[in-house]
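Each in structure tokens, the structures are laid out below.
There are two complexes below, and they share subunit A, which is joined by subunit B in the first and by subunit C in the second.
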Partner chain A sequence: MAGYVLRRFGQAIITIFAVSLIVFAVLHALPGGLVRAQLGQKATAVQVHSLEVQEGLLKPLPVQYVTWAWNAMRGQLGFSYKLNESVASLISLYVPRTFILVLVSLLFAIAIAVPMGLWQGFRRNKGDDHALSATMLILYSMPTFLLGVVLIVVLNLWFPVFPSTASDYGTSLMVDARDLALPVITLCLANVSYFSRYMRSAVIDNLLEDYVRTARSKGATNKRILLRHILRNSLTSTVTLLGLTLPYTVSGSLIVEALFNYPGAGLLFWNSAQTRDFPVLLGVVLIIAVLTVLGNLVADVLYGVIDPRVRLR
Partner chain B sequence: MTADGAGRDLILEVRDLKTSIFQSRSVVQAVDGVSFSVAAGETLGIVGESGCGKTMTALSVLGLLPQGGRIVGGSIKLAGDELVGMNREELRKRRGATVGMIFQDPLTSLNPSKTIGWQIGESLRIHRGASKSEQRDRAIELLSLVGIPRPQERVDDFPHQLSGGMRQRVMIAIALALDPKLLIADEPTTALDVTIQAQILALLNDLKDRFGMGLVLVTHDMGVIAGQADRVMVMYAGRIVEEGTTEEIFSSMRHPYTQALLSSIPRIGQDRSIVLDSIPGLPPDLSDPPQGCRFAPRCRIAHEECHTTDPTLEPATATHNFACVSPVNGPRVMEGDRVRLGRRSQEEGASSPKVLVSVRDLSKEFTLRSGVMQRKVGTVHAVSSVSFDIYEGETFGIVGESGCGKTTLGRMMVGLETPSSGTLSFDGVDIASLDRKEMRRHRRDFQLMFQDPYASLDPRMRIGTSLREPLSIQKQGSTAEQNEVVRNLLREVGLRTQVIERYPHEFSGGQRQRVGFARALVLGPRLVVADEPVSALDVSIRSQIINLMRQMQETHNLTYAVISHDLAVVAYLADRVGVMYLGRMIEIGPTDVVFSRPAHPYTQGLLRSVPIPDPAVARRESKDPAIVGELPSPINPPSGCHFRTRCPMATELCAQEAPPLKLVEDGHQAACHYAEEVLGSAAFAQEAPAPNL
Partner chain C sequence: MATTVDSVPLGAVEKDAKPRSLLRIALSTFVGNKLAVISLAILILIVLFSFLGPLLYHTNQTATNLVLENQPPSSAHILGTSPTGKDELGRLMLGGQSTLELGLAVGVLATAFGLIWGTVSGFVGGVVDSIMMRVVDAFLSIPFLFFVILLASIARPTLTLIIIVISAVSWLSTARLVRAETLSLRTRDYVSASLGFGAKGSRLIGRHVVPNVLGVLVVNGTLKIADAILTFAALGYLGLSVPPPATNWGEILSGGVNNIFDGYWWQIWPAAVLIVLTVLAVNVLGDALRDVVEARLNQR
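Entry: the complex of A and B
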């Protein structure tokens, strides 16, 4: 098991290195360079030159990369002249909020999708299975922003249960948990439809396996077969899916945060994109990439925990 | 509970069982009026081809029928209690407790994510609410009962950590967990190698005697039945066509189906020039069974009455019943139809035959890699230093258990795998030295015939297109000419030419193997390497393909290399045979010589493990398995002679020095330090000449 985790970890490091190279390259491929992006079109040649010297931009690129990577590792990701704050402090303020949003929505999605898929697989092609499948298909085919708007209409305008816009967060991590409700539900429903579909087909496949027949021949009850035999073997494919959907969920959070005005990394990214605030944009990309890679690492390790055959590989 | 004639308690009594499978458009009458009983300590064998209802009969007893399956009539009494109509909960409580079941494939039949100890203990948890430690103790006890060494250590293993034979022992332990009165084994050894099969059968028999269980043994293998069963029930198309003691079924059968089943299987030591009996056609569709006797359309001796009168079971003796209006009397003596044998054996003594394939010191190694850096962690010597010749016009057999390297050797012979070292020459040309273009031109001379014709045909390509493809790749003739070649070949292998428009899934297994054979012949090869050509087929179809291969060898002047784990098939087809063990060729010689006077202890043990379809012989042989233990890992094979770990004669010398192949008599080579003694001991004499009974 240790070897397996170590190998996966090594692969994660390599991926993060590749991502950092790409981010660094984009940073230097900006039209007019990093300095122009910061100082604007009207800056004089003297101003540009002095900033270039100050930022060490005249040194060879590999040296610059090492300096940049070293700073990034220490949490120094540059400075946002637009917001007049360091990128690191902006990220440390906004990213944890997105982290909460994504984590909570994923946990809910799994908590709903796994039992639902298990039930649907067991009740395959019966009335309740068809009804659930149809509902999930509608949710699945609905774009996130439309789903968000529908939820606002239903849960805010018709039945004012949850707020449609987040409060003013200032520098706090969370102000009101109710602010999270609609963004979480929106992100979660999209994933539930996806996960439960997979879970359902995994359960159907597993029910036809010979080992289920063996369990029946031992006199196992349906409940026992589902919970003790099928569940774990069906989870493997769903867990892989979890790692794969992580990037989509994170990019989905961009739309959701903009829609509900929730001050997370998505909203920060959205606003920075509009003001062409490149240091912030790239800082967010780097951090999200690292978190996604780590998320996948966790999924891989979980996969190993569930399936003993993987551990030995 | 009632008792049988011998005063033993009847554990299972089935009367007029009818089981149907309800599908969306039709109803398959899988079991149609079957009655039988099993007494304590008795083994009942159920035989028949696939789809004859033997598995459905077994599953009906446990209420484990597949989706849509339902018992529609009759009675099943288990230890005196009526199961038909019993509520589900009551029935569930009997599964695993009163009846245990063993399935065919021990790998898929075990849950991959639970330890074997957990899976064995589960029955105790379900039926007795046993605690974790009680479950574990019992699991260890059962593991040692079924002969798994060091059960304390193995109890926490997962199924994938065990070999096939060990897994089947675990399955047996699961079935025995609660001392059931009845054990149902559905093809328990079909997925296993012959030496392991012998071990598992011996174990089952021993456990049955020790615990006085009733055993229902479902199998298609007449050899297994002959050695194990007390009574036999022959099923065809959902019905019993004949039943009786094993002696009666094998030596004085009355039903033509039973007779044909037995005379269509090749035996070691039989006259190879006699054509095997075969049953034409296919079993009927049970959603619309034919009028009259269901076997009549395929019966050799059916007459008008057979197609109109539905025969019922009639007694031949007190224990023997059959359902036939024109019964036969005992086994069929096959004679008359003879085939010319491979040219070599015919011209023996004449001019020395021409060598077509010459293999010298041929090796194939696969490197195992692991880790981030893909470090080399080991080498599998799939084939190591193998040398032999195949003469033009003969059939060379290659036998051995799974993992012995026979398939890799076959793939190298047709250029699908590049040798790591050594030479392989075909008609004097070194195959390995050819460049791509020359290789493509040479490929037409040697073709491969696969085990599973379904998997080896493109499912979205019409048969005609699939068969024509090799010709267009080799740019031979116009499309019209190519089609003509294909049509002629289809006729020769016994298919109608209209089938060129069909897709692979529209064919039955036997027809598909005919297509696969035609595909191998389409380029007019000189050598056909047939890898397990009949292993996936039913007994009756098997003999059709074997006969066809013989016939085509004669008309097309073919040389065959037949690779199989089935010694009887190789014994019947091959003129000469090579026996492989862990990548090495350990014995080569004329088939009849090697199989009657083996000079290597492995060949000897292998031959003794083959179940012989003759109860008289099977009973006489000792029940102890001839070869003990498991196949060693090919990554770390034993030093010296690879077989020494399982060999009864092994000495210090065997561990130090690998014996080379040496000539023990004319044309007969063996790789054993004590080959002369093995040969001289005559410890093994094929006691079953059984010339077609």
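Entry: the complex of A and C
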């Protein structure tokens, strides 16, 4: 197990290195350079040059990369002139809120999708399975923001249960838990439609396995077969899926945050994109990508815990 | 998705005296799937609606007309008007054009690039393979919407730029898939045999790898179209849409969502139905194509 974790950890480090190279490349692909992007079109050549010297942009690229990466590791991600705040402090304020949103939605999604997929796989091709599959396919074909809009219409306009816009958060992590309700339901449903499809087909595959026949011939009841044998074996694929879909869920949170005005990293990112606040954009992309790689790592380690066969590969 | 084990009775294969051609099998599998045929019909209708519609139903989509803003459906404007006073039905047709063009273009571009990346990586192997695959890993771990918005905010978005940007995040899983297929093909006997006869790498790829992964690629490409349309709609909703007068369904929807509490239903639901219907039809078609490809594989 230790070897497996170490190997996966090494891979994660390499991936993070590659991600940092990509972000660094985008940083230098900006039209007119980062300095132009910050000072605007009207800046004089002298102003541009002095900021370039100040930011060390005239040194060779490898030197710049090492300096930039070293600063990033120490948490110095630059300064947002538009918001007049350091990128690091913005990120430490906004990213935890997205973390809460994503984590809570994923937990709910698993809690719903696993039993549902188990039930559908067991009752495959019966009426209720078809009805659920069709519903999930429609959910799956819906853009996340549209799902959110439908939920606003139903749970805010028709039946005013939850607020459709988050309150003013200022510098606190959370103000009102009810603000989270609609964003979480939206993100959760989007994931349920995805997870349950996989869970269902994993259950169907497992039901054909020899160990199920053996268990049955030994007199195990359906309930015991489903809960003791199928559940654990099908969960493994769902856990991998969890790691693989993490980038999609985080992308979804951007949409949801923009729709419900929930002040997380996605909303910060979107607002910064509109003002072309590049230090913030690049800092958020870097941190979000690193967190996604780490999340993937956690999912893979969990996978190893659940399924001992994986550790040997 | 459904298990073929249940649906095919055991004696069925022996009853067919004449071997059927692969194309016949593919066609009959497809036509046998009613949902897939309906989906294809829906897609054809949407294509006709978007591209032939504007020829039959003339609207002015270039001028803003604030006198006519937010009007409910009437005989003059069958689906009402937008927040800027443009005819909604005409707008939906225009949005359909960019959506369908983008979906097809991304499907083709992402598949082609993924095919090249995957075959090279799988065939060359070694250090090159590891580096190429780490690049894919890195791109995959950047949440794609963040990356797309970052790229789209650098330059002013046009349809071509959005196609390139969405393709840039869509080829990754295709590359992984093709690499895996290439790796498994490399160990097959007939590939070793043709290597033994002195075949070059390019011939192997062209004659053996590509024809073998084609089926999987078509399925994958179809599902990519669905994802691309969803991403395009999301970008339109976020305000990163094609320059006017062109539009997309996501942008139309976002205009309606701003007026959601005023009850202007015609600005939301028609666009919503079109997006879901298109993506649903493409997804069902993709699933059906997968069944066709698997049926072909099973016959071998």
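One rule holds for everything that comes next: the second predicted complex is superposed on the first by the 313 of 313 C-alpha atoms of A that agree within 3 Å, B and C clash if a C-alpha of one lies under 4 Å from a C-alpha of the other, contacts with A are read in each partner's own complex, and residues count from 1 in each chain.
In this section, a contact is a pair of C-beta atoms (placed from the backbone, for glycine too) under 8 Å apart; a residue touches a chain by one contact, two chains touch by 3 or more.
Small disclaimer: the values here were computed from a predicted structure and weren't measured.
**Q** Contacts for A:Leu39 in the overlay, against subunit B (first) and subunit C (second): which applies, first, second, both or neither?
**A** neither
**Q** Pick one for A:Ile112: touches subunit B only (first), subunit C only (second), both, or neither.
**A** Neither partner.
**Q** In the superposed arrangement, does A:Leu302 touch subunit B (first), subunit C (second), both or neither?
**A** Neither partner.
**Q** Is A:Lys218 touching anything from subunit B or subunit C once the two structures are fitted on A? First, second, both or neither.
**A** After superposition on chain A, A:Lys218 lies in contact with subunit B alone.
**Q** Just to be sure I read the superposition right, which of the two partners does A:Ala69 touch: subunit B = first, subunit C = second, or both, or neither?
**A** Neither: A:Ala69 stays clear of subunit B and subunit C.
**Q** A:Ile100 contacts which: subunit B (first), subunit C (second), both, neither?
**A** In the superposed model, A:Ile100 contacts neither subunit B nor subunit C.
**Q** Which partner, subunit B or subunit C, is in contact with more residues of subunit A?
**A** Comparing touch counts on subunit A for subunit B and subunit C gives C.
**Q** What is the contact status of A:Ala273 with respect to subunit B (first) and subunit C (second): first, second, both, or neither?
**A** So A:Ala273 only meets subunit C here.
**Q** Go through subunit A and flag every residue that touches subunit B in one model and subunit C in the other.
**A** After superposing on chain A, subunit A residues 11 contact both subunit B and subunit C.
**Q** Applying the document's contact rule, which stretches of subunit A touch subunit B when the two form their complex?
**A** Residues in contact with subunit B: 3, 7, 10-11, 209-211, 213-221, 224, 228-229, 232-233, 306-309, 312.
**Q** What residues of subunit C sit close enough to touch subunit A in their complex?
**A** 1-3, 5-6, 134-135, 137-147, 149-155, 226, 230, 233-234, 237-240, 250, 253-254, 257, 260-261, 268, 272, 275-276, 279-280, 283-284
**Q** Considering only the defined contacts, which subunit B positions touch subunit A in the complex?
**A** Answer in residue numbers: 62, 64, 92-97, 99-101, 103, 105, 108-114, 119, 122-123, 126-127, 158, 160-161, 171, 174-175, 177, 371-372.
**Q** Flag every residue of subunit A that touches subunit C in the complex, lowest number first.
**A** Answer in residue numbers: 11, 14-15, 18-19, 21-22, 26, 29-31, 124-125, 133, 137-138, 140-146, 149-150, 152-153, 157, 197, 200-201, 204, 208, 247-248, 250-252, 254-255, 258-259, 269-270, 273-274, 276, 281-282, 284-285, 288-289, 292-293, 296.
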